Amino acid sequence: MVGGGQNAFIGAVHRMAANLDGQIELVAGAFSSDVKNSKTTGEQLFLNPKRIYASYAEMADCEAALPAGERIDFVSIVTPNFLHASVATTFLKAGFHVVCDKPMTLTLKEAKALRETVRKTGKVFALTHNYTGYPMVKEARELVRSGKLGKILKVVAEYPQGWLLDKIEAEGQKQAAWRLDPKRAGASSCLGDIGTHAENLGRYITGLEIDSLCAEFTAFIPGRVLEDDANLLLRYKGGAKGVLHCSQISCGEENNLNIRVYGTKGSLAWQQEHPNELKFIPKDEPARILRRGNGYVSEVAKKFARLPAGHPEAFIEAFANIYLEAIAAIRASLAGRRGTFDFPTVDDGVAGMAFLETAVKSAKSNAKWTKFVKA
Amino acid sequence: MVGGGQNAFIGAVHRMAANLDGQIELVAGAFSSDVKNSKTTGEQLFLNPKRIYASYAEMADCEAALPAGERIDFVSIVTPNFLHASVATTFLKAGFHVVCDKPMTLTLKEAKALRETVRKTGKVFALTHNYTGYPMVKEARELVRSGKLGKILKVVAEYPQGWLLDKIEAEGQKQAAWRLDPKRAGASSCLGDIGTHAENLGRYITGLEIDSLCAEFTAFIPGRVLEDDANLLLRYKGGAKGVLHCSQISCGEENNLNIRVYGTKGSLAWQQEHPNELKFIPKDEPARILRRGNGYVSEVAKKFARLPAGHPEAFIEAFANIYLEAIAAIRASLAGRRGTFDFPTVDDGVAGMAFLETAVKSAKSNAKWTKFVKA
Amino acid sequence: MVGGGQNAFIGAVHRMAANLDGQIELVAGAFSSDVKNSKTTGEQLFLNPKRIYASYAEMADCEAALPAGERIDFVSIVTPNFLHASVATTFLKAGFHVVCDKPMTLTLKEAKALRETVRKTGKVFALTHNYTGYPMVKEARELVRSGKLGKILKVVAEYPQGWLLDKIEAEGQKQAAWRLDPKRAGASSCLGDIGTHAENLGRYITGLEIDSLCAEFTAFIPGRVLEDDANLLLRYKGGAKGVLHCSQISCGEENNLNIRVYGTKGSLAWQQEHPNELKFIPKDEPARILRRGNGYVSEVAKKFARLPAGHPEAFIEAFANIYLEAIAAIRASLAGRRGTFDFPTVDDGVAGMAFLETAVKSAKSNAKWTKFVKA
Amino acid sequence: MVGGGQNAFIGAVHRMAANLDGQIELVAGAFSSDVKNSKTTGEQLFLNPKRIYASYAEMADCEAALPAGERIDFVSIVTPNFLHASVATTFLKAGFHVVCDKPMTLTLKEAKALRETVRKTGKVFALTHNYTGYPMVKEARELVRSGKLGKILKVVAEYPQGWLLDKIEAEGQKQAAWRLDPKRAGASSCLGDIGTHAENLGRYITGLEIDSLCAEFTAFIPGRVLEDDANLLLRYKGGAKGVLHCSQISCGEENNLNIRVYGTKGSLAWQQEHPNELKFIPKDEPARILRRGNGYVSEVAKKFARLPAGHPEAFIEAFANIYLEAIAAIRASLAGRRGTFDFPTVDDGVAGMAFLETAVKSAKSNAKWTKFVKA
């Protein structure tokens, strides 16, 4: 693991997700640019002190130098956004598979370069757009794929949060500080941090590609350079329309990612805060509440569930599903086998950065309609 | 009553709303341009045959000719949209107060002219933006007015329906046919029919005025001239932002008008399909579920409730609240008293038409940002 | 109308329900034993002063003496419980049809006597177990009748309220005072007042008959003679089991009547506070959310709905449905026609009193299992 | 681990719960009475083959013979119910701490004996009444403890499931087979399996003790000896009343454990299928929806949460909380420290068995009211 020192939220999430199914063992790490923090973190995680590294570069070198059976199989990258690209590139080139937190890079250019590196090295690269790991999100995709929604007409995706309503970045809250700092977060804050999840979710479920968009960014809290709220209208190729809005200043909202997809034959609705349910309304029929763990859900939804119906699974289990598929791919790669796997790849990362770059371009031109930039 | 012949949906609603509280008696009507329909309708409503009229013009004349104690006190106009302006003008000029269904007119120009007539005649004119009659909508407005939400930052208003997903206007469904016919519905269908309710609701609750907007209209069903779906981004005066979308092709949606208002100190959410509840989340505190009929709601919400908590009130009761306030104003007018009343007026009608005209202008320019036209 | 003077809750509800559909006109009343209250009430209701009576006996006499076309067609009885039997008997014997609030009488003996009177007079007698007027309750009954639930195994009916948590009967709250006074309410308070609704609802939907029961009554608030909370276990004929509990001291509960019915092929759930929805779960399939006003509901549910889907109907509309069916029966009777009608009858009243008497018997024997008394 | 071979549901749950936080490593096991199953399971779990045992007795012996730093610290018992007591006793006597699935034993007598063994050995014994591991259940207990509900008057606890509506025990479904077999499950099936969770949850939250109860058991599916449905009325010491019902033949129900507690100053409601929320209604005030992860929840609820608000936690995380507290106690014990810990103990197991034995006694006497047997 690179990143994820003490008090880092997302590193701990990755570790729990990786632990859950007993298939992955954390054996080495460079947890922080602060060497002491890295050391303490590694010790708390029961690591062999020799494999707690002072920097990710050192880690890549030393691990690569270990015998094949002893070195790490892959690295998890959970640093702030601006480091993703260089850490990933370093490990890919050192011969390791990579699991990387999102957004993949700071810019589309970096994203394309990383894609190139992934292609050249032939290594597995998994991006933790974790919300697509939820079984009922996979069920939603199956509904669309199987034609039960007919032709998709409209997509409404939302991701409101409220935790940045106070200017906590000025009070030393680290999570807030780097997210609102253009140097570490890139050209977008709210849309990059959470809006991309909404976009990714929509793309994952519907397969629709954006043709053009109109993006209105607002920095509501005085002193912020980057937006803390974004509202977008979308035009998809093929004629569907979309509304996507996200916010980090929406008082009382926690992590309310949700999506509604309307087709000619049916519609669906899913909410991240109630992830075990998926509402499906076939045309002219009563709404069906599909629930994880039941016999009637698709094979895909079944594959990614651990517990019987009514025993709720949640965020960590969904996150772990990304890891399960990534290591299935890694195992296949190590064994020289091929296969198809269901996790977000470097292509999703590139698509996400293209979306972000298009939206930033629109926002900077006073929310003018803007063609999707080439990914 | 003018309009509301057999099989007309909205006429029956107005009659139930007017009946509910035992304060209004239907005594005369011109229910249809089809004289026979008008006659049958009137008979079924137990009217004196002499007061069932063949046309609204006749009705205005004949009623005005009756002695003061015998003639109608006011007229309810429940015709298709394109007739609202002329019927209203006729009755106002004949000395009658008016309750009129929305949208008020076909064009902003007509709306302004009607406003002028109302001002000149000094009569009461009530527009049945019925959703503002719900007690918990009034409670929402009180929350904003009392400062409990702080400064409003963002408003999300939605009004999805699904009943026009099939091309039923081609199969002789009357309700659909006039709504999608530019001659009878005006320059907008979906936004005019239901989006204006969402706009009116937002304005009623927040008091915010739109500065400019970007409106994307879509006619999803082939052969339609007017839009059956509309997505808008809004910029309010003072810096708040808004998202408003409405649809009549959203499969499975019934009449899902809903609104969320986010301020610096709190947020609220209300859904028309569960009208007795209002969610209010004060900053950093748990959500409160405010429910109609309880001792803790505001005096205004109490005034407009008939039943104790847990005995749900709904659509007709909210509609009746508009009538109750309108006739309170009419009684005051008849008695020469003044007062302030809580019902949508001709000014709301003008504002609604200005909104519609701005949105149509934006939509026609490929959804360009457009300044709010002068109302 | 007999009863329903100023500040009486249920009288006003009956009037709104009767007004709603424009089929009933209130023309006479004895609204209170307090003559002044009766007079004022009648005047506020725009009655002819001659038909505002000082007592129900006087009203029955005088109305019976009027010419056939001028006198009332039926009487609505909305007095406190202890008067129901004598008022009903008086009017039935005077030749009038009767709509009566529940519980029908104070004792089972009175109930049987009233049944006898109804049979002898041949008049229509409707008991306002209003909750069976909800369209989705009728849909629930249709689901059972059509066999979609299979054989019924278990019924859970609840009716918690919280308004008697404070000892408001000691502070002069009239509604509370008579309900907790054995002389005016009978041998049971909470179960008689609301538990009978839960029992009636269960019987209406499932058709099951109780074989024996175990009833635990509690008077939680010191000083109360009658119970303010009751928990029952039920054994139905044929082997089904039931749980029924009701309460008026359940803090925070408003009017939360709800029922769940479990069969061998499916289950259903309905909540009075969200009356437009009915959850139906066919075995091994996803839950269906059936909603009033849609094309897929039964003809019966359609017949009793006024508004399209998504335009909620509620308490008053359900109440009005009882009136609509009662007056359909009355009209048929006046016209000498026969027919089947869907409203609670004197037999339901007798069954309700038998239930109550059985429960009281059980409660008095320290909640021993008790055979259903003969109705 | 003892038990938890391939296809066993609860063993896998225990392993995931133990893995989640990276504090526990599975190093030895006797996973099945079928030696081959045990071996395969152990291999799949990456165990050292030497520490995959053929029987729990062998495991206890061999592990006890290992040097202190190498042997297991504690054992997890996840066998069918009838083995719990002997396995636990064996390991306790061999000097190991124990985490044991519920119900603790088959009989109250066994339970008391086990309690004696725990006392004598001084070892940590944790019983996985996992539902008390949910942070919002702990919040519920805090609300009661802090007096915010006042004196508790009524408790309604439910645990309906539907998975035994078909006679799957006759089709070789193992989970069903042992649960419905008196030899392996004890004198009760449904109440023992899930009803005890509801009882434990009520006791955990309210601290109330049962004085007497009336239990109606039903075996709805022909051929079953043990009940598949149970309805109970409860009388608590101090005057509170309770309703507790559980079922495994309630069509469409998944794992719907839920509880409502009504006090003189407030009420609360919690549902296992939506575990991140707790409804709290202070008297005369709006309902509060308390949600896990927010700043306003108690320190206890915070301590047992891993993720920020809106990132749902669920079943496995709650289960892991039991493990976290158990190993905190084990660590303290190993270090010779004392402390108070929040997990279900052998006393909870005894109380649960006393509850079960009382209920069985009542059920066998045709549901007569029965005094709580001495625990």
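Letters A, B, C and D mark the chains as written, and numbering starts fresh at 1 in each.
As a working rule, a contact is a pair of C-beta atoms (placed from the backbone, for glycine too) under 8 Å apart; a residue touches a chain by one contact, two chains touch by 3 or more.
All values derive from a computational prediction rather than experimental measurement.
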Looking at chain pairs A-C and C-D, which one is connected by more C-beta pairs in contact? C-D
Tell me, please, which chain's centre (mean of its C-alpha atoms) is farthest from the centre of chain B? D
Measuring centre to centre with CA averages, how many angstrom lie between chain A and chain C? 55
Per the C-alpha centroid definition, the whole-Å distance linking chain C and chain D comes out as 43
Please list all residues of chain C that touch 2 or more other chains. 253, 287, 291, 294
Which residues of chain D touch chain A in the complex? 9, 12-13, 15-16, 19-22, 26, 45-46, 161, 163, 253-256, 272-276, 291, 293-294, 306-317
Sites on chain A touched by chain C in the complex: 280, 284-291, 294-296
Per the contact definition, I'd like the list of chain A residues that touch chain B in the complex. 149, 153-154, 156, 158, 160, 162, 165, 214, 216, 218, 220, 229, 231, 233, 235, 239, 241, 243, 245, 247, 249-253, 260, 262-267, 281-283, 287, 366-369
